[in-house]
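Below are two complexes that have subunit A in common, paired first with subunit B and then with subunit C.
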Partner chain A sequence: MVNVEEIRDYAANLLKKGEVKSVLGFRRGSASAFAEPCTITDVGEATSLVWDPTCLNNLTLYLVKDRKQQAAAKNPDNRPVGIVAKGCDSRAIGVLLQENYFKREDVVVIGVSCEGTGVVDPRKLSAKLKGRTASRVTFGGADGINVSVYGDETETVIPAREILADRCLECRAAVPALNDVVFGEAVGAREFDEPFHAAKEAESLSADERWATWEHHFDRCLRCFACRAVCPMCYCPECVVDSTTFVVTLGTSAEEKANRIRWCERSANTSESAVYHLTRTIHLAGRCIDCGECERVCPVNIPLRLLNTKLEKEAFEMFEYQAGHDIEQASLLSSFRDEDPNSFIR
Partner chain B sequence: MSNPSKVTKAEDDTQGRASVAGARKPGATFEPRIVAFLCKWCSSAGSDLAGVSRIQYSANATPITIPCSGSVSPMYILSAFNKGADGVLISGCHPGDCHYMEGNYLARRKLYLVKELLQFIGLESERFRMSWVSAAEGAKFAEVVDEFVEDLRVLGPQNRLKAKR
Partner chain C sequence: MEKILNQEKLREWVDMLDDCEVYAPAFADSVWNFARIEAGTDIDLSHTNTIGSVKEFVFPQREVFFRFEKKDGVPVLTPTLPDPKPTVVFGVRPCDGRGMPRNDTVFNKEFVDPYYWARRDKLTLIGLACNLPHSPNCFCQSVGGSPHSEDGLDVLMTDLGDRFHVKGITVKGVEAMERGRDAFDAVRDGDQAEVEKVHDTSRSFPQRPLGNLDAIPEAIRENFDSPLWADMAQHCIGCGICTFLCPTCHCFDINDEVISPTTGEGERVRTWDNCQFPDFTMHTSGHNPRADLGSRLRQRVSHKFLYFVENHKTQQCTGCGRCITECPVGIDIVAVLERVSQ
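Moving on to the complex of A and B:
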């Protein structure tokens, strides 16, 4: 079991010694049992850190935000940042290191093990609790999550497989491989779903059925871009699907407007959202580490993970590539092997 | 233009419009519209050779010359489908023959993923195609286009990713 006191002490120590300017972690949220991300800068605040199955977020996003902030600051504070990272989060850091987004010495990875289970899916949990609100959620060993609800403090063990986030069910490495320290036991073998289970299931449908599903999803997309905003890999200052730096003013000539490439319109209709989603997926090929954040934040529950894991599966099966596993490796799309598939080409 | 069988942009436009209108009219034959991204070092020259050799083949492909198959952004493909292409063809140099040494190997990997993704969301798998055509393979180019047109005729117009404007 992870002893949360050890995490707190470690974080406090880092701050005390001035090794980091801040620590990104989780603290108790103000509503219900779910933890929320926090940045602590004072030694005293370290006592608010928590680690339990409600620590959903991939905090790597805030490392990226910090980088952007420092790049824009007049007097940048480039001291390292500490970060509490699960297995998937550490892979996200791995990808960013591979892409030279920051350097290894810029981050202190405080790894936490998922104790053989993982984090819960808030939607599954609330369905399970039938409208009651969880007040406390803790790890309950190899196959259970302990949950208690408001008004009834007795703990019930819910089988992990029923409320775990989809990605955790399929997770292949629930321990941060990239770390400066790890708390908790490295529990390797997990007996939930096989890797890429959901993507494989979706693949088994016919093309017409698949299109019917995705047409429905693309049609529902609001183009709020929450999925893009939450993804630590979507760090471009300007996104190819919606230009924010091209300002049309009175002085913009018709030619300038015409010559500006617009790959897809901003309107939220099926065809344009299809371009957005396919672009997003392909731009994350070999980079998405399946933290599931995009799917979690989607207000209309579009199964975005399926698209990403489909390519993750192809990368794994055809190119033996796993995102975020080896920071020295050339990225998926900038490398090739002679034995790459060729038979689909005429 | 040195290539008699290659249609000019203007001709192709009218033809394309006719085919779209034709597809809606029952009884009229459907003329598929293909956007073909051809590497300038090989396939583009291959299509020229098909033309100067006076090989007869379907005039349904709109050629767009690109510097290398490796330079193809997946956005080109998505954009072509979005704008109503019935099929997209990417053609480059045979493995080992890339003018830039490894562009076609990079293309192969990248476009494999695009192909898989398009199929995954349910676009008919025949609509996206890749070929290796060297500058000496005019006949092969003609064959690739003809085959593609035949397959697309069976499928009918591409409406899944096309913008409904």
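Moving on to the complex of A and C:
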């Protein structure tokens, strides 16, 4: 078991010694039974840190946010940031390092092993409870997760296998390979499901069935852009779906304004939502590390992870490439090897 | 009009509304949402609250204002005012019901929005009182509502176990009940007392307090330049979940969507917009007066608890709790107001 006191002490020490300006971690929030992200800057706040299967977020997002803020600041504070990272989260940091988004010395990775379990999938939990709210979710050992339902005093034990996130069931690297310290036992694989299990299952459907599925999902999309907003790899200063940098001057004609390029219309309909999601998927090819955040945050539960793992699977099968596993490796889209398959070149 | 409807007669009532489009909550893709139902047998009122609110029936995410095209070099506009079939929505929670009069005000006060009212006039909302709160984030009573509020609803149903107490509140509501004719029974002795008991119990569950509602506008005003906003929005990701799911958020954008530049064919559409998005306040000059997430959180909260109060004498929040429950990073409007009020 991970001893949360050790994480707290380590974080407090980093702050005390001035090695980091802040530590990104998890704390209990007021909004739900799941932990919420926190940024602590005072040694005393370290006692609020928690660690359990409700620590869902990939905090790497906030490293990206910090870099953006410092880049825009008049007096940037470029001291390193500490971050509590699961195996998948550490791979996100790895991809950002490969892409030179920041440097290794900018971040202190407080690795936490998921120890053969993982995190709870709120969607699976919601399906179990038929939409009712869990008031408490605690880890009851490898076999089960204890769930209390709001308005109901009894506690039910749900087998972990049934409510763990798909990515956790398929994960083979639950110990952060990229780290400055690791807490918890080095239990890497849990073998609940084989890698790419969900993607393979989806592939077994016919093209018509697959299109029907995705048409159904794209139709439901609200275009709240939470999937993009939460993704640490979606760091473009301007996304193709926003037009925030089209500058209008006195000399801009009505024609130019009307004809400015809009790749994707505002309308939440099948075609525009398909363009949005497929653009995002392609932009994540060879970069997505399967933290599952896009799928977790979706308010209408679109299985977005499937789109990304499909490309992850292709990257692995065609190029033996796994995003974020080796920061010394050149990124998939910026490298070429003689042995790369090239049957698509005609 | 007050009637009793046995649980198994609910289907009959729904079937008798066959010239209307009937919607009810459905649990699909692991989430409750309103869905069109074809037959009374499809109805299931065991829902918590739907993820989307009833505002979608009057203020759809995409509304076409008119179509345009060029014919022989001359622009031709075709009106597209909606003419929907009468629509009946079952299972509306009182917090969503209370959202409607607020939306009505917005789309009626200075400008009567014909698109909104074309849908609104055809809409009948059948509410269902909440005997138990669905989530620890419900706070309807803290914003002046209640789990059995009739405000904005045409009918209020109360679940009494084996039967519903059904109360027609508006003319539209009574009409909908009259269509159900024989499905209903008369209210008997003791039913009224039972309804009151259920309602009393539903109000007794603890809800998150907001303190003195009247003091909140001043607290927000005083804290306009406070660093609190940036601090509370520190982990905000700037997505649109909180406002898109809100039963009273109504900001929109208008765009011309050109289908063919050669024929000049296209549509002018209104789509939901969102104060959390970067381009919401983007000026044509490239300057953005709300460049950071702190100022956007302040805007969302201020609109609901300060500006709306100033303009319309009531909060633009009905305590449904969706923005809290669905926020991916735990931003909690009740906690925000608590901190601002301290």
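List of remarks:
Operating definition for what follows: the second predicted complex is superposed on the first by the 292 of 346 C-alpha atoms of A that agree within 3 Å, B and C clash if a C-alpha of one lies under 4 Å from a C-alpha of the other, contacts with A are read in each partner's own complex, and residues count from 1 in each chain.
The criterion applied here is as follows: contacts are C-beta pairs under 8 Å (C-beta built on N, C-alpha and C of every residue); 3 or more make two chains touch, one makes a residue touch a chain.
Note that the structure is a prediction, hence the values are computed from the model and not measured.
Looking at the shared chain after the overlay, A:N269 reaches both subunit B and subunit C.
When both complexes are overlaid on chain A, the residue A:L61 reaches subunit C alone and has no touch with subunit B.
Of the two partner chains, subunit B is the only one touched by A:E215; subunit C is not. In the superposition on chain A, A:F336 makes contact with subunit B only, while subunit C stays out of contact range.
When both complexes are overlaid on chain A, the residue A:C224 reaches subunit C alone and has no touch with subunit B. Within the superposed three-chain model, A:R280 lies out of touch with both subunit B and subunit C [touch as defined at top].
Once the two complexes are overlaid on chain A, the subunit A residues touched by subunit B in the first and by subunit C in the second are 265, 269. The part of subunit B that touches subunit A in the complex is made up of residues 74-75, 78-79, 82, 95, 102, 105-106, 108-110, 112-125, 129-132, 144, 147, 160-164.
Only residues 199, 202-203, 207-215, 240, 263-265, 269-272, 274-275, 278-279, 281-282, 285, 307, 310-311, 314-315, 318-319, 332-336, 338, 340-342, 344-346 of subunit A touch subunit B when the two sit together in their complex. If you check the complex, the residues on subunit C that touch subunit A are 27, 29-33, 46-48, 51-52, 61-62, 132-137, 205, 234-235, 237-241, 244-245, 253, 255-257, 261, 269, 271-274, 277-279, 282, 284-286, 288, 324-332, 334-335. Those residues of subunit A lying in contact with subunit C across their complex are 29-32, 34, 36-39, 57, 61-62, 123-124, 126-127, 130-133, 135, 150-151, 220, 222-226, 228-230, 242-245, 247-249, 258-259, 265-269, 293, 296-297, 299-302.
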